[in-house]
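Both complexes below contain chain A, partnered by chain B and then by chain C.
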Partner chain A sequence: MGEMDTLKKEADGLKTQIEAARKAVNDTTMAAVASGVAAAPRVQLKNRKTLKGHLAKIYGLHWSADNRHMVSASQDGKLLIWDTYTGNKVYAVPLKSSWVMSCSMAPSGNLVASGGLDNMCTIVNIKAASPKTLRELDAHEGYLSHSRFLSDTEILTASGDTTCCLWDLETGKQKVIYKSHVGDCMCLAVSPDQNSFISGACDSSAKLWDVRDGGCKQTFIGHTSDINAIAFFPSGTAVITGSDDCTLKMYDLRADQEVNGYQDAALNAGVTSVSLSSSGRLIFAGYDNFNCNIWDSLKAEKVGVLSGHDNRVSCIGVPDDGLGICTGSWDSFLKIWN
Partner chain B sequence: MEDLDLPQMKREVESLQYQLAISREKSSITVTELVKWIEGCVCDDPFLNPELMRANPWVEKGKCVIL
Partner chain C sequence: MLVVGIRLEACQPDSLGQVFPQDSIRLDFKSLTSGVEAKMSSKMPSSNNIAQARRTVQQLRIEASIERIKVSKASADLMHYCGEHAKYDPLLMGIPASENPFKDKKPCTIL
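Presenting the complex of A and B:
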């Protein structure tokens, strides 16, 4: 018991020192720096396409690097790969377990991954003669909440077992395990240079990890509930988090702290998903209240709303070319807006 | 949230020591540079530069399509 107490005291002491170090470099505010910046215009987007085909709640979507195709996952037990320009479904991948919580597509467009309450991440080759399961990554002890490919040979996963993991797809084995969160990991985002990634968890913290050595480099606190969504700024120097506490936060990686917050007293719905426009000036956030709010990332003001879904917006994404935004909902539809 | 056991607690302390040791830059520099970076990219952002949205892949080009 004695050693545990000593360690706990040491941990608390270190956390206090970290907060002091953060305060020491906090010599300005985003509001002050952005005061000279012109406000972003009101953003009014039209629903250009509605992709219909899923028969149950949609839990995940991910754009292809080709800016045209997209994969979506629904608890109807299917992954659908869409040609969003025509609205056609290109492939349908039946899932062994319908309790899917996330999906992703490899940058090459050859592979898709999905997983959920089966605790596994299933990798499927969609370019084979008929979609073929390549691997079942089976070592997490909790649900699979999120995944992102680094390439056709490596994938990162986040799990309800509080860990994240880097897998080697050639062997199907875990390469690196990222352990530090004390709550379910709900989301992850990879840095533009792929050397680090950030995870958000039910312990209300976001952690920045070195992909290769598994070390937690920084921990960002401030949220008061589960972090459901996370995204890197295109510069790679800041991240945006969205939480069940109904707010979004911007954390500056170089100053190691929160520099902006996005909340509205009238907003009483948790944030489920987040994505950024190509410059990072606009934040698109999906909420439990069926809407998606558009925020000016610098001024922290709401500049638009996307309404049209009849149920929670569960996932959201902007393709790499930044030409539009797709929202996915529990109402079973995907909508493309610009 | 489960309580950590002894080895986990030791790892947590090590991790915190590592996290404390990182170099932090002044926010007056980092935030200023972030704002500059974003502002610099706005002209290439289709949501903020209507010119770029002209080539809209999800909008019908002509009025009617001959099938």
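Presenting the complex of A and C:
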């Protein structure tokens, strides 16, 4: 009993210390600093393409590093790989389990990954003569909510079992397990230099991890509900989170705290997905209310809306060249805008 | 090892005329773990809880020891990054029709 009390006292003391240290460097707000910056232009993006082919709710999408191809996952039990310039489907990968929650494509374009309520991450080689399952990564004790390849030999996964994991695709085994969250992990994003990644979870916190040693370096709090979406600011020094509490937040890694918040009293829909334009100035956020709002990341003002979907926007993504944005929805369509 | 019973709520067909119970399944999985944690912490301290508490303290020690920069500097740096890269940001600057790979190219008819 004694040790528990001592530990609790020390934990509380450390939390107070961290809060005080954050306050000590909180010498201004980004709103104040950005007041002198010219407003972002009113952003009016047009729906250039609608990709039709899925027969049920779309749960995930991911652009290829070639800026042209994209993989999408739907609970119709398929992954579709699209040529977004023509709108054609290039490959269809049938899934063993249709309860898919996410998909991703390797930077090489050779491999795609998917997973969901089957608790597994299935890796498929789409460049083989016909799409061929390469690995079934089976060790998570909860659903697979998100995955991102580091290369053709390594992939990061986030799971409802509250852990994230780095897998070796040559052996199919776990290399590193990232344990610290106390709620289901819902999303992850890799830093531009690939040395760290961030995860968002149902414990309302986001955590920054060292890819190689598995250590949690920083924890970001402030949200009051599940964090469903997370992205790095392109400089790699800040992260944006989207939550069921209807807000987005920007946390600066070096100041170790929230530096901006994106909310609107009129908005009472949870954020499902988030992506940034290539300069980081624009934040695209998909919401449960079928829309995607566009925010000025510096001034925290809404500067546009993408409306056109007939159901929740579940996933969103901007290709590396920044030439467009794709939204995926429970209405079974993907829309490309620019 | 917990065995999860999947609870299928009354399923209404959605706009596509299809019935998908996975929303309620996802909610069950989402709330499961937090429910378990709450249950564990209300029990008498076991060796499990002490180990968990030690890990928490260890983690907090790491997080308390990092160097932090001022919010003014952090904000200025982020603003500077946006400023430097704005002119190369197609979604901010707009894309001329001739360079837009997603724009449908209409066939030209020569009269």
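The rule is simple: the second predicted complex is superposed on the first by the 337 of 338 C-alpha atoms of A that agree within 3 Å, B and C clash if a C-alpha of one lies under 4 Å from a C-alpha of the other, contacts with A are read in each partner's own complex, and residues count from 1 in each chain.
As a working rule, a contact is a pair of C-beta atoms (placed from the backbone, for glycine too) under 8 Å apart; a residue touches a chain by one contact, two chains touch by 3 or more.
What you are looking at is a predicted structure, and each value in this text was computed from that prediction instead of being measured.
With everything superposed onto chain A, say whether chain B and chain C fit together or clash.
Here the two partners, once superposed via chain A, clash with each other.
Of the partners chain B and chain C, which touch A:Asp310 in the superposed model: first, second, both, neither?
second
Who does A:Asn338 touch here: chain B (first), chain C (second), both, or neither?
Both partners.
Just chain B (first), just chain C (second), both, or neither: which does A:Thr157 touch?
neither
Using the superposition on chain A described above, determine whether A:Ser196 touches chain B (first), chain C (second), both, or neither.
So A:Ser196 meets neither chain B nor chain C here.
Which of the two partners, first being chain B and second being chain C, lies in contact with A:Asn291: first, second, both, or neither?
Once the two structures are laid over each other on A, A:Asn291 reaches no partner at all.
Looking at chain A, does chain B or chain C touch a larger number of its residues?
C
For A:Ser72 in the superposed arrangement: first (chain B), second (chain C), both or neither?
Neither partner.
In the superposed arrangement, what residues of chain A touch both chain B and chain C?
Chain A residues touching both partners: 3-4, 7-8, 10-11, 14-15, 17-18, 21-22, 24-30, 33-34, 37, 40-41, 43, 45, 48-49, 68, 84-85, 180, 182-183, 202-203, 215-219, 233-235, 237-238, 252, 254-257, 259, 277-282, 297-298, 321-324, 336, 338.
Show which residues of chain C lie in contact with chain A when the two form their complex.
14-16, 18, 20, 22, 25-26, 29-30, 32-34, 37, 45, 49-50, 53-54, 56-57, 59-64, 66, 68-79, 81-86, 88-92, 95, 100-104
Any idea which chain A residues touch chain B in the complex?
3-4, 7-8, 10-11, 14-15, 17-18, 21-22, 24-30, 33-34, 37, 40-41, 43, 45, 48-49, 68, 84-85, 179-180, 182-183, 202-203, 215-219, 233-235, 237-238, 252, 254-257, 259, 277-282, 297-298, 321-324, 336, 338
Looking at the complex, which residues from chain A come into contact with chain C?
Per the touch definition, chain A meets chain C at residues 1, 3-4, 7-8, 10-11, 14-15, 17-18, 21-22, 24-30, 33-34, 37, 40-41, 43, 45, 48-49, 55-57, 68, 75, 84-85, 99, 101, 117, 142-143, 160-162, 180, 182-184, 202-203, 215-219, 226, 233-235, 237-238, 252, 254-257, 259, 277-282, 297-298, 310-311, 318, 321-325, 330-332, 336, 338.
Would you pull the chain B residues touching chain A in the complex into a rising list?
Residues 1-2, 4, 6, 9-13, 15-20, 22, 24-35, 37-39, 41-42, 44-48, 52-53, 55-59 of chain B touch chain A in their complex.
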